[in-house]
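For reference, chains read A, B, C, D and E in written order, and residue numbers begin at 1 within each chain.
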Amino acid sequence: ASPRADEGKMILVARQDPGTLDYTKSNLTALRLWIPANVVEPLVYFNKDGSVSPGVAEAWEISEDRLVYTFTIREAKFSDGAPVTVEDVIYSLNTMKASPVSQNAAAYQAVTSIEKVDDRTVRVTLDRPSQNFWRGMGGTAGLIQPEAAAGGIATNPIGTGPYKLVNYTSNSSFEFTANENYWGEAPAIKDVTVRIVTDGTAGLNALEAGEVDALPVITIDLWEQLMARGLDKSFSMVTYPQIGEPTYAVFNQKLDPELRQALAMTLDRQAYNDAFGASWGAENTCTFALPNQAWYAPENPETCPYPYDIEKAMALVAEKGYASTPLVYASLSDVPDLSLPADIMVPTMQAAGFNMTRNAIDLARYSQLIFQGRPPQFDVTVMSGDADPTQWACAEASAAGWSTYCSAEYTQALADADKALSDEDYLALMEKSADILRKDAVIVPIIAKKGVGLFDPDLKGFVEPRVSVAIELAPLHW
Amino acid sequence: MSPVPPVLAMEQVTQAYSHPRTALFRAPGTFTVLDCIDFHVHAGEAVGLVGESGAGKTTLTRILTGMEKPQSGRVLFEGADIWQAGPAERARFRRSVQMVLQNPRSSLDPRMKIGTALLEPMRSLRIDGNHLDRLTEVLGQVGLDTSALERFPHEFSGGQLQRIAIARALMPNPRVLVADEPVSALDVSIQAQVLNLLKDLVRDLGLSLVFIAHDLSVVAYTTHRASVIAGGRIVETGPPVELFTRPKAPQTQNLVSAVLTVNSGLSGNAL
Amino acid sequence: MSVPNAIEVVDLVVGVDELSAVRGVSFAVPARGRMGLVGESGSGKSMTAMALMGLLPPGWQARGRVLHDGVDLLTLSDKALSSRRGRTISMVFQDPMSSLNPVRRVGDQIADVIHRHMGVTRRAAHAQAIDLMTQMNLPRPEQLARAFPHQISGGQKQRIMIAMALACYPQLIIADEPTTALDVTVQKQVLRLLNAATRERNSALLMITHDLPVIAAMCDTVAVMYAGRIVEHGPVQKVFRTPRHHYTRGLLDSQPTMDNIALDGSSRLHSIPGMVPPLHALPSGCAFHPRCPAATDRCRTSMPEIDATGAACWHPVPVAAPAEAAS
Amino acid sequence: MPVYIARKLAFFLLAVFAASVLIFLLIRGAGGNVAAVILGKDATAEAINALSRQYGLDRPLPVQYFDWIGNLFRGDLGRSFRTNEPVTDLVVSRLSISIPLCLSGLVLGLLIAIPAGTYSALNSDKPVGALIALLSQVGIAVPVFWAGILLSLLFGVRLGWLPTGGWTNWDSNFWGAVRSLVLPVISLGLILGASLTRYVRSAVLDVMNQDYVRTARATGMTRMQALLRVGLRNAALPIATVVGLQIAELIGGTVIIETVFSLPGLSRMILANVAAREVIVVQSTVMLIIVFVMLVNLIVDLLYGVLDPRVRLTR
Amino acid sequence: MSAAATTPVPARPKKRRGRRNLTLTIGLVVTIAFIAMAAVSFFYLPHNPNVPRIPDRLLPAGSPRYLLGTDALGRDIFSQLMVGARTSLMVGAGGALIALVIGTIAGLSAAAFGRIADETISRSADIMLSIPGMVTALVLAATIGSGTLTTILALSAFFTPSFTRVIRSAALSVLQEDFITAARLYARPTWFILLRHVLPNVAGVMIVQFTLYFAAGILTEAGLSYLGVGVTRPSISWGMMLNEAQQQVGISSPLAMWPGLSIVIVVLGLNLLGDGLRDVLDPKLARRTS
């Protein structure tokens, strides 16, 4: 048993350092894993079963036409002792509305006004029904912070969550302690340290040596090692989809569609899964989604539009003379997860006859060249990230870039889904947009990684994330 | 001293160097190495220069051979100031004044064959003619045979090397040879070979020789006329044997009295 | 043996692996005696001296016997030897510029020796050092004692070295070319000082040099070395006046001196042809034979020993034809 | 001596200035910018430009340079764009790891190198001496991170004696912090020790061949005494110079070692901030390191003046 | 005065010569083997080192068809080592070569063209030496992007100042020899003297230093690639292999053994070669620094 069990402490391991904790400006997973739900809470929580529980809002009312949302704010205190006011809520929502992070801002696309009704009530008016808005209030877009402490958000975000951040040393650790002002039940473990160990093996070693109590998020590159060392036996292992990410190839949509399709046929999903997913931590898929999303579908040679077929790809290349088209594969040199797929993809595409060159660049250049590049400055790249289809929305081709799938049809389908009044409609429309996406061979999903965590056998109570990818510390107990 | 004008001469030459800076806010001082020196050599004459270490002998040779420009004073070659001379005259000066240096081992490039080394001055000074004939001739003059040409310096003894260095100096058929302590790095048994050679060259080729040494007897043996330099000035000049048997200047006396000989030692009055 | 020897060297061989720099050298310096060891560069003079001091470079080995103060120095340990070095046997080196510790004051360096061997306090040793410096005719000794080596002249440094060597009244002082690095004018002063100081202290002197006049001025006996062997050995007067070995004679003849220079410049110096052989290519028989005017087949095949003539030569120079130096 | 000090100081200032220009230009030449990194993949170009403007990254380079350097002179290292934290604070917390790591590595290196180098110099013709020389050669050939990997494999994973990586804060658990530094320091010290051994060996060999050591022996010192009283004092000079030069290399070593052992030290901070294009943080921290290295070398030079009377008294 | 300068160069004692020859021989053999490995990789590789064969992944050393086994993507380790040798050769030798060329030009200029040139060049070298090379390399990688060329550039920036210093001091000691004075006397211009006399006489130093920096270059490249700012696929380097080995399978895998061992052996070999060459080519320096 961990020596920390008796002291009411635990030490977890994080793999990445966010650098900044300003969740209004940054969308980094490394940040969203720890701050939301633990330190900062959203207005509401969406539970796994689809039900909604109160967060900073203790009650809410949705108008029949789904255009007016009225939130009743809880009589609670922020961890710094200041009471939660309606002004804070309005400030927070407005900040998120103006957030440079498009997923945050996207939730507010339909919002026309955010007003104070009385000291405990806030009213948000929409010009059309929006699923994104409602879901956003349970995600990062709905996180509530005190206006007074906004200046220190990058290093010391304040919120109403069960924990407060005592200290964050970048590249080193987060230190949390129970928030004595928390409105709910005090967490079982008072002090939590999240140690940042970028070297994955070192993290596993530390767990094995008993220096730490859990690795709630184990990146794909360690799955094989973890099995090889038998850690799944000696520790309790959880797999859960929420933290997971789809890994997908992105082809430049300006390329000839048939060339894109031929490229898609070179993607041997099982090979990726064997190589990185250890065959158990990830599923092969052709659908841009995670298994917890209703429109998800695993790989299936029948339903997949462009299943792996290297011979067919070669034939196509030969037939159309694609060998003479120089192609650039942009790979990220300093993110192993994203440079490894290139190790498989590039040689395979070359073997299929494509004239492919690999261009490895670091994240900062990648951000500028790939994310910002208009028109797209690459032909093929691989990404891994949120399984949120709305991120691709783009109506006109001139805005085409890496992160925009500019198809009016697709964007319309998403907008329709957003406006859906019932969950069933919403799901059906989402499925439709997913289908448009996968048929066009621009965003080509490869595998859907699951979230994998290892816990000290005595450390119990893990729940799957409710707010985006956040690992909730409060339910954990010895 | 003699009615014919000198081949090479320096008039009123002064040279000073600056000390390294020692104090932050004081200008670095200078010290005078040569102070209004007059010095000359006639055709066919061997002139000696002796003095204590640091007296300025080497500095004088550097100025005499045009390697260093004096602060003031003139250096005259056949009556013309070498620092005012036109290119043609300068070239002639370069050819006509050659030098033999102290350390035979370091005066030849270890990576260069003797033959190449000997031809270097001819190429550099752009002297026409049959170089091979000249090579054979000069090698004969210094008492070596042509088998030396294909070899490297490390295959020779110090005495041989010094002779090769002399041969190199002789290649352009100079009028003046300046030798700065050419025997002080040599073994006793070998130094006589080099001294005899220099002496023969002056006699047979009508060369002028400026010969520097700190050993009085060596100078006396080799030269017709000698000067004693001390404290940057020439304190006394005259026929060497005269100079050393009847020194007048105190600095000369000092030098002479320092000489040890086997005979004075054997007779017990050396120290 | 009426006079005890300050040092007696028997059949000394000094070498490294197969190479020998000294090949069977024997001589003795009587107490208060003054012997010269002369020879050209590379003849093994310094190696002989280093063997006596037990300071051979790493890898070098000495064989034979070196008797001093009743013991064979070659058999002593480094520790036992070091208690003698600087006390009963001491040495002055060639290059005063580099032979003093650059980071220590010269007075302290002398005092260290006294303190180490005489068992006196540092303060007393220091006083003695100043005293010694006065005896060495050094100007303003108190002040000079505080100087670092680079601040004083070469002659002064060599006097400091002599002071260190003489500090403990050694039985024998070995001087290895003590004046070669010095200016001609300073050389005489230093020699004079060394001469007087060794006599005052009753120390024997082994003077190593390639300079014949220095030997003539300082020594009673002389040994001439060539290629690692002594080729002639005897009283200075005899060896220099009537050299029996052709090499000794050649050396004497090739010295230009005021005496052998004709005033009209017509004189020619005698010179020894050829060069000193390198260690790894020693000629057979008498090592001097390639350069010797009197060499015969016998010289080429067998090595002569020193005989009654005092020279190791099969065909010694006839006494009837004295060297020019003696004329 | 005053001239000597003045010259060294003047050069120091010039060097700092030159290095600052160099570093500034290098970093500003880097592709990508901090705004793009902060805003991530979904940011719009306008958002990035606005953020860059907010950070003042759109001003002309000379203005930015003089702004930065002016602040440096006032002791203000600037602030991180992402967290708005003063660089000084960031650096100070990192230094509590990097300085002990660096210094202990250096001390360990010297503790290995001085005896080993001296011993092998004195016994250069014996097998032991040759063995030490060979070991130091091998040590020089081992990449420091490989040494780190192997050590953590052995002591961390196999034997479980020491943490394989990671960091415990000094104030939260002093011995824990010490324990997390043990393996990094050993890796760094071993490798540094190997290369220093070579230098010490050659310095000692060199000094022991000097005439004045022979003099010391001729006046009655044993080999050991001559080594301790004369040799080491003189060998200290070249060794000090080498150590001064090795500081820069040592810092290079810590970059890698901090990565191998996941220590949140200064070097790792630079690594992360270079990746994030936090130009001010990188510039200021790198300058800090450079000034430190230059300062060490300045001190070595001045120390030279004290240790070596030839410098002290004549210049 | 002393005739020491004319003493024939003392013959080396046999025993030591033997040991030095051994050093040289080992160094030479390792270096040649290494260069041969790099050269052969151009014509023959057991497998394409970049093509993954997932079914064959993580085979141990000695497996049929895979001499040293395979990595996490089933790529042949031995083939990767061979190509890695090529990269190491290119990066190490390239970095050292650029440094050699620039350092020689700068060093010779500093030694020969007067005080101002000397001060400028030497001080610049000092400044560059104070900038930790690893940090420069990191920043450089960010500036111009990581890759083989950047690594070579970083290495040469790193080595040039020390090269300059070494060449300068070697050239200074050649320049004060009498044969230089002699060349000046017969009117050779400075540039000619540098080319004709100084360069051949510092060539020994240059070769020795080149070898040593070659080795140092391989080490530094490994470090940079390990940090992920050096060589990237499809190029392969030993440091990158170590980086991958640690990422993919963890340190307990023998994957980290082979590239690490290769680095150690080659660097050791090159250093031994450098030391051996120094004894042969540059005896004066050998006494001082070996």
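Just so we're on the same page, a residue touches a chain if its C-beta (ideal position, glycine included) is under 8 Å from a C-beta of that chain, and two chains touch if they have at least 3 such contacts.
Not measured: the values here are computed from a predicted model.
Chemist: Strictly by the touch rule at the top, which chains does chain C share as contacts with chain E?
Modeler: Expected: B, D.
Chemist: Walk from chain A over to chain C along touching chains and report the minimum step count.
Modeler: 2
Chemist: I want to compare two interfaces, A-D and C-D. Which one has more contacting C-beta pairs?
Modeler: Answer by contact count: A-D.
Chemist: Among all other chains, pick the one whose mean CA position is farthest from the mean CA position of chain C.
Modeler: The chain lying farthest from chain C is A.
Chemist: Please compute the C-alpha centroid of chain B, do the same for chain D, then give the distance between them in whole Å.
Modeler: Inter-chain centre distance comes to 54 Å.
Chemist: Take the average of all CA coordinates in chain B, do the same for chain E, and state the distance between these two points in whole angstrom.
Modeler: About 47 Å, centre to centre.
Chemist: Taking each chain's centre as its mean C-alpha position, how far apart are chain A and chain E in Å?
Modeler: So the centre of chain A lies 46 Å away from the centre of chain E.
Chemist: Just give me the whole-number Å value for how far the CA centre of chain D lies from that of chain E.
Modeler: About 22 Å separates the centre of chain D from that of chain E.
Chemist: So which stretches of chain D touch two or more other chains?
Modeler: 30-32, 125, 152, 157, 259, 275, 277, 314
Chemist: When you check chain E against every other chain, which residues touch at least two of them?
Modeler: Answer for chain E, listing residues that touch two or more other chains: 1-3, 6, 15-16, 141-142, 145, 246, 251-252.
Chemist: Find every residue in chain B that makes contact with two or more other chains and list them.
Modeler: 157-159, 187-188, 190
Chemist: Tell me, which parts of chain C touch chain D in their complex?
Modeler: That would be residues 53, 55, 58-59, 78-79, 82-87, 90-91, 93, 95, 98-104, 112-113, 116-117, 148, 150-151, 161, 164-165 of chain C.
Chemist: Quick one: which bits of chain E touch chain B in the complex? Just the residue numbers, please.
Modeler: 1-3, 5-6, 9, 177-179, 181-188, 192, 197, 200-201
Chemist: Give the list of chain C residues in touch with chain B in this complex.
Modeler: 40-41, 183-185, 187-188, 191-192, 195, 210-218, 236-237, 240-241, 250-252, 254-259, 261, 263, 265, 267-273, 275-276, 291, 325
Chemist: How about chain E: which of its residues touch chain A in the complex?
Modeler: Against chain A, the touching part of chain E is residues 48, 50-52, 54, 57, 72-73, 141-142, 145-147, 228-229, 232-234, 246-252.
Chemist: What residues on chain B touch chain E, complex-wise?
Modeler: On the chain B side, the touching residues are 65, 67, 91, 94, 98-99, 101-112, 117, 120-121, 124-125, 154, 157-159, 165, 168, 172, 184-188, 190.
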